[in-house]
Amino acid sequence: MHFFSDNATPVCPPVMAAIAAADREDHGYDRDAWSARLDGAFSDLFDTPAKAIWVASGTAANSIALACLCPPYGGIVAHEEAHVAVDECGAPAFFTHGASLMTLPGEGAKLSPDAVQERLGTIRPDVHQMPARAITITNATEYGLVYTPDEVARLSTVAKTHGMGLHMDGARFANAVAHLDCDPGDITWRAGVDVLSFGCVKNGGMVGEALVFFGPQANVRAAEAERWRKRSGHLVSKGRYLAAQILTLLEDDLWLANARAANEAAQVLAANASGRLMYSVQANELFLELTAAEAASLRAQGFEFHDWGEGAARIVTNWSQDAASVEVLAQALRALG
Amino acid sequence: MHFFSDNATPVCPPVMAAIAAADREDHGYDRDAWSARLDGAFSDLFDTPAKAIWVASGTAANSIALACLCPPYGGIVAHEEAHVAVDECGAPAFFTHGASLMTLPGEGAKLSPDAVQERLGTIRPDVHQMPARAITITNATEYGLVYTPDEVARLSTVAKTHGMGLHMDGARFANAVAHLDCDPGDITWRAGVDVLSFGCVKNGGMVGEALVFFGPQANVRAAEAERWRKRSGHLVSKGRYLAAQILTLLEDDLWLANARAANEAAQVLAANASGRLMYSVQANELFLELTAAEAASLRAQGFEFHDWGEGAARIVTNWSQDAASVEVLAQALRALG
Amino acid sequence: MHFFSDNATPVCPPVMAAIAAADREDHGYDRDAWSARLDGAFSDLFDTPAKAIWVASGTAANSIALACLCPPYGGIVAHEEAHVAVDECGAPAFFTHGASLMTLPGEGAKLSPDAVQERLGTIRPDVHQMPARAITITNATEYGLVYTPDEVARLSTVAKTHGMGLHMDGARFANAVAHLDCDPGDITWRAGVDVLSFGCVKNGGMVGEALVFFGPQANVRAAEAERWRKRSGHLVSKGRYLAAQILTLLEDDLWLANARAANEAAQVLAANASGRLMYSVQANELFLELTAAEAASLRAQGFEFHDWGEGAARIVTNWSQDAASVEVLAQALRALG
Amino acid sequence: MHFFSDNATPVCPPVMAAIAAADREDHGYDRDAWSARLDGAFSDLFDTPAKAIWVASGTAANSIALACLCPPYGGIVAHEEAHVAVDECGAPAFFTHGASLMTLPGEGAKLSPDAVQERLGTIRPDVHQMPARAITITNATEYGLVYTPDEVARLSTVAKTHGMGLHMDGARFANAVAHLDCDPGDITWRAGVDVLSFGCVKNGGMVGEALVFFGPQANVRAAEAERWRKRSGHLVSKGRYLAAQILTLLEDDLWLANARAANEAAQVLAANASGRLMYSVQANELFLELTAAEAASLRAQGFEFHDWGEGAARIVTNWSQDAASVEVLAQALRALG
């Protein structure tokens, strides 16, 4: 039973059906009927005019977003354990042509407005130092915590005060919204987010993530993003298969249903491992204190998961897990004491 | 009836079946069972040890290949109408960090060894001029012509003599091999090609192209390519869906069967439009002299295709066309006289 | 006697004196008293508000100018024999992060507005092709011809019509102005030039060229240029020595006096070699038809110059040549018949 | 009396004389007689075959060195207060096309081998994380401390063990050697340094720093460096004026004499401010605890220096200071108590 990563899951059935339904002749790149609907679908979802494009991966989504917000000589404030900082082999520097990540610590991979403010205060306003031009946050974070609308808004205030853009890496955006049970606009544009990487693949998709632009600069930035998309080889030839996946996730709130299923599975596990939790469980990830012997015991029972340094482990739930297998793991965790 | 582009086609049924068959839990990125088989499958196909990785698009395949062959201060000899030169928004410069395309004319979008040799002769060997470090050719070319093994070998000799690498953009590699009825190794590694973009999407795939490295530097270059792939966001999370497509095209020579079907359809059309052909029809593209009135007449009959400047048109056939619709267009062309 | 290049000359005495006069303690980088005077000096010279910065070389000046006008995915229209295209090892691509030179032929290394217009017309306005964003011209050109105010204005009109910026590589700007005997504003901002590389080193300087920004975007572009300058290592520590050179060349129109001397020497030579001239002699360069035997004969008499392909040679005059040595060469040329 | 920065100093008289002596016609770029002597001069100085080139600034020297050691997807271990990290506006990322600085804390801006080793141990050897490929250290450091031969050697051992290159930013290399009173080879190639930025401008030069390559890869790296130099606009036209400065500093150990003068001045001041010293004074910089009132008092007496955060100040000595003015400051410091 895989609790490795939400990347390891299959494609959820309605998305697979949508791919099959898109399997007919249409124009190439993004000139097909499905891609043409993205702006409208996201504008509806977020209840504000939005521009949306697909790209092949979350790394591309994040990097293109940052390239739209930050010049080559600029800095991007990020958490030191953010995906952009530790898992993308420098993709943000590649797409931005050398912008620098200004990384900060923070509990649970969350940036605090005060820490950001303090960091910005150390930058001399001369040409010898890189000016910070963007903040990027991950919601839910790499440790499964969720920024609230208010927390996002406070970071946005810092950003706006300093003339910076705000990007949200939403690889697990659905899990964040499901946890908060809020309107998706509440933690994005209403809270000052300029660009959102709207994650699909971890949440039931196959290939393709959405990049969503909000606010008065949405059109200009999206036009620039389309250049980066083409130039980086992300304007795939048969884009309709990507657009169809994304549209299907939005239909009837499938994206939320999938995320809720994953979050609920995480809660079941959390309830049975409360003494071991390193972080509050809000989305679909659990970080547990776990001795090597305990980890071995779980693995002997058929559970697969990643170690997280020494004496700890990460367990990730996803939309595809049946209640039964989650319950088995829950009992195994409880049995460890 | 679409004769627009082989990009507009659906996914061929065995490939779609393979996607469905890959729809189970497995490791992320390229650590899945399908991706692990790529090196072997391409080594078998080409009858030589090869390294192969998938990327999301042909543009990425070409650019990553070139980044493995050419430093930022180097030049890449290419035809002035090559896809890398006119249809990728500068992707090669993006991936190589500024390498320059040294473009040359040539009938039918083919580079001639003599023209390349002459161009190389004009480069001063000082630091003020960019040294040419790679040649890239498209086979079949953008005008549907096919380089023979001997033609490739002569370009390779020029490249090797000058310490340059040789890349082949094989977006329509299958059509070239089908036309030549040769071993795929004959126009690649046996003729001196270092890296091949092995096209899948135009030939029945959905998303995903293969990049294949040959020769003694294959391992080193592929390792570098994996860095560019990650850094450019092309190491998608659920890579097995890409690998499965590629493997299926290789099985039982489906890739060749698809290309033969497309090529044969092109021959049927060519036989009925011989007076209008601007180039010999070797692969799956026809370039026809066609007046505006004639084009309008064809469109009125339901045929869709691209104009190609004034008084000319491009018709592209593909694996999915049934004989009947091809025959209808053939007759319409013949009727034009 | 050197007629190799104006790069080979010594430093003209007032400039050397200015260097010695700057040899006292002052603030580093560009925070010294001399650098602070540049904006004013160039605003006075051009009779319009201008922003001016020094950089260490003409290559840097050109490339930084282009980086201020053109995004990484843009194209820069240039003559195919322009210095930026053939003598800078791809510096414009380095500084712009991959912008592409769109090179055109043209008599005497001059771009014609019609040729530019025609080239722009071939660019499809989709994301697959790079949009042209800047035109760069060299005045005087690499073949010693001078663009008139009207010629510049016509190119500017093309640029403005297409939303492009206009850069002038003025490595020999002084020679152009001296030839035209016009106000320097007439061939720059009044004719629509946005950024000028104002050459100093070929005209009597030691190290340091000026980059001058005109028009309503001057401030914004200059601020960006200061970032590129720092980032590329051109904000040298003791900038006052560069600023002092530039200011001295401007004082009492020394820059023009030097250029006139060089141009007049060229005229003396031209008058004695009129049957051999490949281009009209307008600035300080002569391109002559010259057989190998004739070239050898001149070299045997002590004249040094560059061959220019087969059967031709380039002779460059400069501010430092005394009338006597010029006369000797003039007679030698006349003697060749 | 300036104690601001060694950047603020004039040019030392023999260097100025050398500039005047180079003021005659010669070949452009680096094809002059002075530039041709650099390899030999540095090979003699370091008693090992070395390759040396000039560039216009220390930022360029550092960045070109790093570009020769680290690919775009690599990491460069540096102190978090290193000049490359905080004072070059991201120049290393510009020249390396996106390499990442992996910064570490360390007393007195010194990297400790253990801290580097530990940091390297946290990097996963997969394509998702950037591999560390170079270490850069500053000697003397930004806080005026000097790495001993043994300290450099231990860092080099860490570098070599991990396949990394070692660069030394020697903006104040002369001060370090003067302090250690060692052979310059002892803290460079004998201790495993691959590339040295040999500082000249802070030590009596006007414009121009040397970049020196050691070891079996020296030739290959220097050839690559020449490309970066040209491409970044640092191959200035009249390079002889830069080469002449550097050669003069090497003659009769002028570079050491200048550094000794600066170091001795620093010792005089240190002896009179021992209770306030934040770091041991080894080179030519003093960091002092100094209240705002004390700073104001010194400034009222005519001393100029930089504040260093709150309650502290930086005083820099240089080759040009006469003993008298140093003594005046020494007494003023003593008078503060």
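By letter and in written order, the chains are A, B, C and D; residue numbering begins at 1 in each of them.
As a working rule, a residue touches a chain if its C-beta (ideal position, glycine included) is under 8 Å from a C-beta of that chain, and two chains touch if they have at least 3 such contacts.
As the structure is a computational prediction, the values presented were derived from the model and not from experiment.
Novice: From subunit A, which chain is the farthest off, judged by mean CA positions?
Specialist: Greatest centre separation from subunit A goes to chain C.
Novice: Tally the contacting C-beta pairs at the A-B interface and at the A-C interface, and name the larger one.
Specialist: Result: the pair with more contacts is A-B.
Novice: Calculate how many whole Å lie between the centre of subunit B and the centre of subunit C, each centre taken as the average of the chain's C-alpha atoms.
Specialist: Using C-alpha averages as centres, the distance is 42 Å.
Novice: Can you check how far apart subunit A and subunit C are, centre to centre, with Cα atoms defining each centre and the answer in Å?
Specialist: 50
Novice: Just give me the whole-number Å value for how far the CA centre of subunit A lies from that of subunit B.
Specialist: Roughly 34 Å, centre to centre.
Novice: Where in subunit B do residues touch at least two different other chains?
Specialist: 72-73, 88-90, 94, 97, 127-128, 227, 230-231, 235
Novice: In the complex, go through subunit A and note every residue touching subunit C.
Specialist: It is residues 71-73, 97, 127-128, 226-231, 235 of subunit A that touch subunit C.
Novice: Which residues of subunit D touch subunit C once you look at their complex with the stated criterion?
Specialist: Subunit D residues touching subunit C: 2, 4-5, 7-11, 16, 19-20, 23-29, 55-61, 63, 88-91, 94-95, 201-202, 206-207, 227, 230-238, 241-242, 320.
Novice: Please give the residue numbers of subunit C that touch subunit B in the complex, ascending.
Specialist: Result: residues 72-73, 86-90, 93-94, 97-101, 127-130 of subunit C touch subunit B.
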